[in-house]
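Okay, structure first, notes after.
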Amino acid sequence: MENASNCLAIVGATLLDGTGVVPRPSATILVEGERIVAIGDGSLEIPRGARRIDAPGKYVITGLMDANVHLFYVNTPDHLVRYEGRYEAVIAEAAQIALRSGVTTVFDTWGPRAALTVVRDQINRGERVGSRIFFAGNIIGLGGPTSADFFPIARQVLGTAEADAMDARWEQGVGADLLWCTPEEVRSRVRRYIAEGDQDFLKYAGSGHTHMQFIAFSEPVQRLIVEEAHFAGLTVQAHTTSPESLRMEIEADADLLQHPDITGAAPLPPDLLERMVKQQLPCAAMFVTQRYLDWNLKNGQQPMKSFRQIQARNDRDLVAAGARLLLTTDGGVLPPDTADHPLLSAAVLAEDSPTVLGEGHFRWLEAAAELGLSPMEALKAGTSNVAHAYHVAEDLGTVEVGKLADMLILDEDPLTDSRHYRALHTVIKGGIVIDRETLPTERVVTAALSR
Amino acid sequence: MENASNCLAIVGATLLDGTGVVPRPSATILVEGERIVAIGDGSLEIPRGARRIDAPGKYVITGLMDANVHLFYVNTPDHLVRYEGRYEAVIAEAAQIALRSGVTTVFDTWGPRAALTVVRDQINRGERVGSRIFFAGNIIGLGGPTSADFFPIARQVLGTAEADAMDARWEQGVGADLLWCTPEEVRSRVRRYIAEGDQDFLKYAGSGHTHMQFIAFSEPVQRLIVEEAHFAGLTVQAHTTSPESLRMEIEADADLLQHPDITGAAPLPPDLLERMVKQQLPCAAMFVTQRYLDWNLKNGQQPMKSFRQIQARNDRDLVAAGARLLLTTDGGVLPPDTADHPLLSAAVLAEDSPTVLGEGHFRWLEAAAELGLSPMEALKAGTSNVAHAYHVAEDLGTVEVGKLADMLILDEDPLTDSRHYRALHTVIKGGIVIDRETLPTERVVTAALSR
Amino acid sequence: MENASNCLAIVGATLLDGTGVVPRPSATILVEGERIVAIGDGSLEIPRGARRIDAPGKYVITGLMDANVHLFYVNTPDHLVRYEGRYEAVIAEAAQIALRSGVTTVFDTWGPRAALTVVRDQINRGERVGSRIFFAGNIIGLGGPTSADFFPIARQVLGTAEADAMDARWEQGVGADLLWCTPEEVRSRVRRYIAEGDQDFLKYAGSGHTHMQFIAFSEPVQRLIVEEAHFAGLTVQAHTTSPESLRMEIEADADLLQHPDITGAAPLPPDLLERMVKQQLPCAAMFVTQRYLDWNLKNGQQPMKSFRQIQARNDRDLVAAGARLLLTTDGGVLPPDTADHPLLSAAVLAEDSPTVLGEGHFRWLEAAAELGLSPMEALKAGTSNVAHAYHVAEDLGTVEVGKLADMLILDEDPLTDSRHYRALHTVIKGGIVIDRETLPTERVVTAALSR
Amino acid sequence: MENASNCLAIVGATLLDGTGVVPRPSATILVEGERIVAIGDGSLEIPRGARRIDAPGKYVITGLMDANVHLFYVNTPDHLVRYEGRYEAVIAEAAQIALRSGVTTVFDTWGPRAALTVVRDQINRGERVGSRIFFAGNIIGLGGPTSADFFPIARQVLGTAEADAMDARWEQGVGADLLWCTPEEVRSRVRRYIAEGDQDFLKYAGSGHTHMQFIAFSEPVQRLIVEEAHFAGLTVQAHTTSPESLRMEIEADADLLQHPDITGAAPLPPDLLERMVKQQLPCAAMFVTQRYLDWNLKNGQQPMKSFRQIQARNDRDLVAAGARLLLTTDGGVLPPDTADHPLLSAAVLAEDSPTVLGEGHFRWLEAAAELGLSPMEALKAGTSNVAHAYHVAEDLGTVEVGKLADMLILDEDPLTDSRHYRALHTVIKGGIVIDRETLPTERVVTAALSR
């Protein structure tokens, strides 16, 4: 360890390593390059030349991980047009906003594959700053942004070929027309989708997005999608929105359930809850604070208003039963014209809206506390649980020797108050101390609009 | 056989008995009361006092049976309001229009249960004239006429409680909210539906009505619906609109497939076709004439236009493969303001539209010939196949001793030209010669509108 | 005066005769047949055989007159269908509801001419009970109920010929297509409209109904409509909704301004206010209570919400300036499914909604008091002002000898509290004491809906 | 004339000078700087150093002038977003497309004032190439692109403040809310509009744009708008869409009638036609070819389909009666996604659509011939008539000494066949020979879309 210029030492903080063991006070964490190479107490030798961060009285946790974001979130027809040709910049900006707020890893579960690939790789190669990105591309079985599954009004204001081209960036051959296909055709289309792209994991629609109560794929078809994913070495998650679709996805052996707390007009059936807990199936539940629920009760529109209240009940049940929970926000970056936007205003005007990237994860952690999740379990939900669910725990999810050095230094103890996650002092990703003030380096979606 | 005033003899016609055997020339058919008591040749003794119909040169077939009609077809919001309070009269008029045109038995597969019960029973007791009615009530899993499954615009022009009350006449506890339910809840709701009503058979939505590509119920739920039906001694059919929903329904052991030729954007998968043929599953396929297809190609709107062309291909495949086919029209009686009605005009303006009750069955039979179905198989599709599929073959479907005396006397041989079914000379139902000129006895839907 | 069986004497009440003179205590009012024949004090001789109503401590006023109602108010597409074929019964019911609540004369300013003619004449001949009806038929230049001027959504749910036939009952050749016509054509169409019908007065659209800010007719065209009306001996009023349309109507010499307080987004211009006051032009202003305004501020939708607040300001100005005011409600009878009706609920749910026939006039009188109108002027606004404006003061509008005996006996003094108009003791119309309990004699619109 | 490097001589062509005199064969036209300094025959001396264009067998006319274009034509919500921030480039591109096709002067009658000012001035200063631009800015009394007057669906897909900001670029204080104003307020708003901007002329809405049959301003208000324009030395034109609005505009002394052939559902009244002819009021009539009319009859939608046929009849009447006609196209530049655009496709798919900038003027001239306009009158309609109507005849509209040297050299005689206007050989503007191949210099709206 002669030349230690690529070394970093964090000295004196209390370490919450994310494994669930009791906090370790006055720890010294030694990073070399992008990985953690040693963890010890004050006696651990720090190489000469190493950068040293003295952090007594502070707390070190692993970088937060969000199991569900949409880095390209500007999907209404006007925004699609506005950001046309700038997909990569939009995605990079979002990855920086996430990183700035302590989310060192994001899992993008629905987005334009080509642009996501470029930005992910640029970040991985160090050419851009930003959260680590893992992405799925399309939700298998759903259409793109202008389709009936998302903003069909787009088809009233956009040229058809233009809208088709936009949708194609998401769909990539596994869009909504898959629902007409035979199992063999689905298999072949999914296989091609896997072969042609470099996505990190798969996501499929167990049920509809707009038409939440409908089932998208029969159980055999769900199984074969899971098979194809596993054959390719990918985890596969299910988009789920109704009790019976949830059952089907569990039976189909999906690796991760994306918002199993969304069950529409009926609560989570007890037998399914029991199975999820027993199998410790990763549940990416969209926790919201009571403040949000109150806003929803007052301002929400039916039927989503009722659905949200039922979801809140499911969330309480999931916590109480001991489900394996993952922090998930569905978050994205919204442009300045969102608050008075006819298609978006409700979401963004909500108090404690969970879907605001850079804020949503804090709200999730606060909501978790309100729901009775223990502080340690909440920390794991935002770190190691996500890493395990996505099969990236070898590198991520805890502060342990050999892992990638993604760490947050907090001014306050997050175990005593969930709001302390906001007391971000330093963000370290891959051994590099992030200059948060400079992020995002280029404003695209958050840029002021000319008037 | 002293007192033969309740006897009827048809003498001298060629009998096509519907069993598939070769026609029997110069037959004598003897009816006593509502049943056929003897069939012979010229030597058969005719009781004194019997009414005698001399029919040399004519043809006798069993009364036609339509596997899918909607006697209450006036479901747009304006029509629901117009015919409010007159459901029974509307249904009776339709049953008479069917009877008048040679359809002695209809299977109503979606309608208001209470009114259907009343009219069916009145007809069965001889208090009203009309086709024999067998009905399902609601399609389990679909909403009523003003719901998202049919004419959601109704909710923009009708009071909410009023629309709810209308829908409730169809839904009867097994409406669209069933899609949110757990299997146990579905079972309990279906069981109650069976217990509370006097429907003749069940029908459930394998897939959506408006959202055709979506699956309505998981396979286990479909199975339990079938189980409940069978436990109650009822046949159960599936409403099917996509290849994968068809597969699920076959696996769920549905007794009858309602329009398995409707597979949306993709053709009927060969393996499913093979299974249906092998198991001789009753296929109520909605045949249309080439004239209709031409009209559709010229005037239809996407995506239904393409779907129709694919359906036509499926129809050809079903005939060629030897599927067990049933005559099915989806027919109803339309009011005078249909042709220029914004929600209906397309259907009724179509040339050879299959859904016009009183005409549709003739068009189906003509289409069958165009599709290459043999004349004898076509006759069976409109008679004995339907009777067997609905488990009423003990009484209906053929001209045989012991059966109910539902017969048509035709002026021309229907086996030489499918258009000869239109050459109706006499309609006999339950041994009674129908005075066709007097039907419908009361004009409701077909009455002229005041101006 | 031998045979006095057709005589009626009201004895001992305080008479507020509507002329504006001071109340006359202990009056005796003598009616013979349908007219008032004498008014005196206790010394007035009452013919033997006369029916005598002792009313000491009570108050007699002339029957109230509403300058703007719509007896056929059920104009949404569903209601048009529901009440099809029952127009006369609907109108008669409304006329009875008005009469029951003390409105002995109504001016119907937009309705189906043929049915209004029949009911008006039946009432006048004594064949039906009901308020005296004077009517305009169509608003010249506006379309019928299903047109763009009222409920265009009707055209999405009704057959075209059916909707056309409905509209024609209103339009009668002077509908919205008049806006395309040359002055000569307008003149010819209006002349024919006058010649072919038996309407009591005319009303034309100075500006739009839905598109309130637009002008419907140029000034020369407005003038010629006024000319044609006057030539035929009819009063003519203008539907007015914007400041500039109001100016044009004043210049065109319209006899009566229907809701000149409605000026949309801008207040009533001072110069127009001054002119209306100076010329004492009859202003049928739609006063509302503060309670209604508060409701509107809380629940109203833009832009009507703002328009209403501006209208309220105009109303205060009209009162303060001394305009000649007429009680006007725009009232109608609403069916039971109004409260949850998507096209109607806002109106009927409003607190103190002015447009509820049978209630609206009471609210108008209460609003007048809130706005500072003197009790005597308010009484005149609801009686003699209306009679003069419509040129029927020879027979109606005051309790004077020679006038038709339309009178209300109140338990409390309406000059001390505007709510006392509700203290209706007896309604007399044309000398006949109305049996209010029996009204409406036939329930049509107010009948319960079958469920 | 020592230094003649800024001189240009066109030698040998037949000159059609636009004054209406007989063509002058073998003319020599001498230009110095931007003006024509001499016109003679072969004997005219050409300064040494002058650039010489030998044009025997060719034809010289003055540059064409279009009385009605929209250089910023991309007003659907998606296009507004796409070209946000690039208004000037969009306008410049359109001015170049016009120039390239022989239209040396355009009158923009509805557009974003600030950007038009910049581009007009740049062109006038020689900093940009393009047609001479004269513009009005807003149509007084109409809203911007996202308002109810144009594409109200925009308000369903754009943020409110964003849409407001877009509209404001057009409205500039004289938008649709003007219809609520008193005459004094209108005067004050128009005066401010004139004072704050540098528009070349004014245009006001005599009637509605979407609601064509409605009148926007009373006659006194129209008069005062005209007064204000004239006081400021500006010509003022009226947007007219109905017979009665046309009458009002004539009475209000508008200088120019923009599309007086558009009279909606009724034809042009003979008395108005007579007045326009007698006063020789400039009529910017939107002539279309028979080919376009045939397309419209086959593919048009009501009511515009009928309106177009009536308009064609008006056009024939205008020509026959000898009205003073101006070439007017309402033309603009459309982006590549127009043909399959739900809000635009009809216009652009029409055969011989008049509104395609760069093509529309040729079609207008061809239509003029079809309508029977003499070749010489057609030429004047596209040149000197426009110049006179807009009060720019001192500089433009004919090829005469002292005028600006805007000229086209044609390979064929436009008087023998109206299609010969397409035989453009050379475009000269202000004495400069335009390099047509290089236009547009920057592709914005016409650039290919990325896919």
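Letters A, B, C and D mark the chains in the order given here, with residues in each chain numbered from 1 onward.
Rule of thumb we're sticking to: contacts are C-beta pairs under 8 Å (C-beta built on N, C-alpha and C of every residue); 3 or more make two chains touch, one makes a residue touch a chain.
Predicted model, so just to flag it, every value in this text is computed and none were measured.
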Gap in Å, rounded to a whole number, between the CA centres of chain D and chain A: 55
Geometric centre distance via CA averages, chain D-chain B, whole Å: 64
Intercentroid distance (Cα basis), chain D paired with chain C, Å: 52
Topology of the chain contact graph, where touching chains are joined (line, ring, star, complete, other): ring
Inter-chain touch pairs (all): A-B, A-D, B-C, C-D
Chain D to chain C touching residues, read off their complex: 176-177, 179-183, 185, 208, 211, 213-219, 221, 242-245, 247-248, 263-266, 269, 271
Complex contact set, residues of chain D against chain A: 76-78, 81-82, 84-85, 153-162, 165, 337-343, 449-451
